[in-house]
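Next come two complexes, and both contain chain A; in the first it sits with chain B, in the second with chain C.
On to the complex of A and B.
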């Protein structure tokens, strides 16, 4: 039988977990909805939280991060390796779309090159998922291989059943977390039934649908269709919102900063939407806007499927909600032409 | 107004008087519109004018090639005029389709007032000075001034001064302009130390997406100073200090060009009250130089010329 927790006891649960983890929970204290270090009392997110604006990737790939420090003396540069962070993060309330996004980003960071900065934080972390009861108009997760209550990519999953959350134990890590937690109750058969009902209701609330059948091939065939891409890109303003705040976008830039012989190497979020992203001394292969828009779309829906057999989009809808010009990825994907084989 | 716009736009394209039309069409989300940029006369059927035409379409002009017809509210017309003053677009390449504008609805204000997010609302309708919002089947009424954008409440030019075709009845500015948004008034109450702390907090959220710069019609540099690497004026890392430098320099660069259209603040994904900076600069420009950007296409651009009597002793 599963366990359940009264919503009033969430603060107690987080307090207990805070002893062992750096607990992060949804908060608007900074002025924008994001996962923030829990302040020890605030559970108001249970009222307002639909999803964060800043995706939880920021906890593993921060907007900026010091990679190492260096010092220059008579003998040359001395590098001070980064101190092992060792911080164990517990992200409370992660949405299934974002949890899936983390699993998708993992594929890149643990591929041929193992990224120690990302992986250390990621492997030390625990994700406590929370099913959505009120998906946004822009959400389309059910078309992208997940659901508003999918527990696949988290350690524990909370399903809203009214005054309580039913807790699904997903991984051994999650099990261990629960074993030590106090204040939990055994869920009853009717709680389980209620959870199933809740899942179905949430699922049906995701009304935006996207048919991705054959999208990889359609994009491959349309790669040189400049007319299509120019039209698609016309209203894009080349800002970085849809990429920087995308839970599956992971591009970063590296910068050195040195003052008086001492400095540090940083990395920070970067976006293929920026012309500077591909600027090289002699040329820029993506100086035109349509090429950058094409890159963004193809990376998610063509190149990622080619490399990892999964579309790098989880339907979280942020890029649609936050876009200054309402450039809508679902409309774009649907409009990619179906070319007749062999035709020019 | 909408019907007239569609007819005019269609005729202009069919008669090959223009190569492009830039207007608005219905967006993919509730209460949202999206820029429509097209060469195709058939697309003009989709053009709309409603209380949600938020974007400042003038920002697209500098990247267009050929003759362009553009739907312009008062604020857009000011941006267009400012671009003409700076020689960034030629008046003869434009057909300005003027829209007398009663102000645009700020969905964020409605969200705060009704405690629901925009996609949870059933309906928003406007009748003159009354805006009705339907939530869970219940209707709530607001006066327009409670739900319009701050910059609309300060609008000095609801009807474009510069246009080729005016699509509706001329509207006069409101007799009581509220130049300051909530934030500006609050900021002015603070001591400079408190204000510094406030900006540190606000700018700590900046992720350097550059949406504020990219939606801005006045930000037309081909290469922005933030992208210069030799010398590097500002680091690309989103540290609050670098973010502050970015905003301050951007603000100085658009002084005398900013028309207070409010787009920078509207598009910021992390809610930085950027208009508090730009409006302050707008007022300073007005106070020091008696200059309002985008009001007179024959006036010389403020920052590229100077009058003898303006010169300080150092230059005299």
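On to the complex of A and C.
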């Protein structure tokens, strides 16, 4: 039988977990909804929280991250690798779309050459998911291989059943978290039935649908359709927000800072939407906007499926909600022309 | 070994962290042209200097601390491992900083990255090198590699050009190859210039005139993108199949290991899946952004 927790006891639960973890929870303290270090008392997010503006990838691939320091003395340069902080993060309230996005980003950072910064944080983290009861109009997760209450990529999953959350144990890590927690109650048969009902209600609230049938091939065939891409990119202002705040986007830049022989190398989020991203001294393969928009769409819906057999989009809807000019990925994907076989 | 299998590539990580650079020291600087310098360098760590291995065609991320990193192909040959070399044209932030450094200065170095020229499949073949400007840098690693194992390869043609006599890089190599009886060395400049008694003409045109035979041959091309694009059709006319043409591509890179995103051409990352590609592969790229 599953456990359940009273919503009033969430603060107590987080307090207990704080002993062992750096607990992150949704907060609007900065003015933007994001996962930040829990302040030890506030659970008001349970009322307002739909999803964060900043995706949880920021906890594993921070917007700016020090890679190492260097220092010059009389014997030359010394590299000071980052100290492994060993900090264990517990992200509370992760939405299933974002949890799936983390699993998708893992594929790149696990691939061939392991990325030590990202993977250390990922290995040390626990994800406590929370099912959506109020998906946004822009959400289309049910078309992208997940659902508002999907527990696949989290350690524990909380399903809203009124005054309580039903807790689904997903992984051994999650089980361990629960074993030591106090204040939990055994869920009854009717609680479980309530959870099933809640899941169905949530699922039906995701009304935006996207048909991705054959999208990889459609994009492949339309790759050189400059007219289509120019039209698609027309209103884009290359602000980069749809990529920077996309939970599956992971592109980064690497830069140095140094003052008087002491400095550090940093990496920071970058975006294929920016012309500088690919700029070389003599030329730029994507100086035109339509090429950059094509890259963004094709990376998610064509190249990632070619590499990892999965579309690098989970339907979280951020790029639709946050776009200043109402560019809509679902409209774009639906409008990719179906070419006649063999014609190009 | 062609190191096409990424997992089998030699890895020389500092402290198990692929992003941490090793320290290398500049031992010699050669002024190739007014804007191009070759840097000879070695690892500060003597043990690493002995153990380090790479293949012709591979590149490394070199950094001027406080300024940043940039990718450079290793232009020396693995058959001459007493030091490493790369050539840098002064065109951007990192290369400008590099050109301000002198002998004894320290750089960051991580690598080698990328694949390499498929040496095994070049054995017994006639080799046609087509280079332009600083594009000779990756080719010269392979050329010296072949000279040091000369009996394993057949005829060697080298067609190399630059805009003006002053833009010819690696003149000491050109002279050595010119004297080498086993090599047909053709040097050209784009337009007539005072004091130049050698050949005149754009590299693709001169290649057409030299007309190396395609039978049992492989062409290895590197130079400015415009030269590469005009060279492939000439080779095709000479009877070379796309599989018989190799080149090494250049893109803006940051990580060098297929993570940071920017060097992709369709689903291919130049840093991880390249930089060496056959024209056959390039023709099959999803994107024409090469």
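Here is the rule we go by: the second predicted complex is superposed on the first by the 342 of 344 C-alpha atoms of A that agree within 3 Å, B and C clash if a C-alpha of one lies under 4 Å from a C-alpha of the other, contacts with A are read in each partner's own complex, and residues count from 1 in each chain.
FYI, a contact is a pair of C-beta atoms (placed from the backbone, for glycine too) under 8 Å apart; a residue touches a chain by one contact, two chains touch by 3 or more.
Bear in mind the structure is a predicted one, so any value in this text is a computation, not a measurement.
Asks: Here chain A is shared; do chain B and chain C fit on it together or clash?
Replies: Aligned on chain A, chain C fits beside chain B.
Asks: With the two complexes superposed on chain A, say which partner A:77 touches: chain B (first), chain C (second), both, or neither.
Replies: In the superposed model, A:77 contacts chain C only, not chain B.
Asks: May I ask you to decide whether A:286 touches chain B, chain C, both, or neither, giving the answer as first, second, both or neither?
Replies: second
Asks: Taking CA centres after the superposition, what's the angle at chain A between the directions to chain B and chain C, given in steps of 10 degrees?
Replies: Reported to the nearest 10, the angle reads 90 degrees.
Asks: Counting only touches as set out at the top, which of chain B and chain C does A:114 meet: first, second, both, neither?
Replies: Second partner only, chain C.
Asks: In the overlay, answer first, second, both or neither for which of chain B and chain C A:325 touches.
Replies: After superposing on A, A:325 lies in contact with chain B but is clear of chain C.
Asks: With both complexes superposed on chain A, which partner does A:278 reach: first (chain B), second (chain C), both or neither?
Replies: In the superposition, A:278 touches chain C alone.
Asks: For A:303, is the partner it touches chain B (first), chain C (second), both, or none of the two (neither)?
Replies: second
Asks: Given the touch rule stated above, what does A:206 touch, chain B (first), chain C (second), both, or neither?
Replies: The answer is neither, since A:206 touches no partner chain.
Asks: Going by the contact rule set out at the top, does A:257 touch chain B (first), chain C (second), both, or neither?
Replies: both
Asks: Quick check: superposed on A, how many Å separate the nearest Cα atoms of chain B and chain C?
Replies: 6
Asks: Could you list which residues of chain A make contact with chain B in one structure and with chain C in the other?
Replies: 253, 255, 257, 270.
Asks: Of all residues in chain C, which touch chain A in the complex?
Replies: 6-7, 14-21, 23, 25, 44, 63, 65-69, 91-92, 106, 108, 224-225, 250-252, 254-255, 257-267, 272, 286-290
Asks: List the residues on chain A that touch chain B in their complex, please.
Replies: 30-32, 50, 53-54, 63-64, 134, 136-138, 234-235, 237-241, 244-245, 253, 255, 257, 266, 268-271, 274-276, 289, 320-322, 324-328, 330-331
Asks: Over in the complex, which chain B residues touch chain A? Could you list them?
Replies: Spelled out, the residues of chain B in touch with chain A are 27-30, 32-38, 55, 59-60, 63, 117, 119-120, 201-202, 204-205, 207-211, 213-215, 227, 235-239, 263, 266-267, 269-272.
Asks: Spell out the part of chain A that touches chain C in their complex, as residue ranges.
Replies: Listed in rising order, the residues of chain A that touch chain C are 67-68, 70, 72, 76-77, 79, 81, 108-109, 111-117, 220, 223-224, 250-258, 263, 265, 267, 270, 272, 277-283, 285-286, 291, 295, 298-299, 302-303, 306-307.
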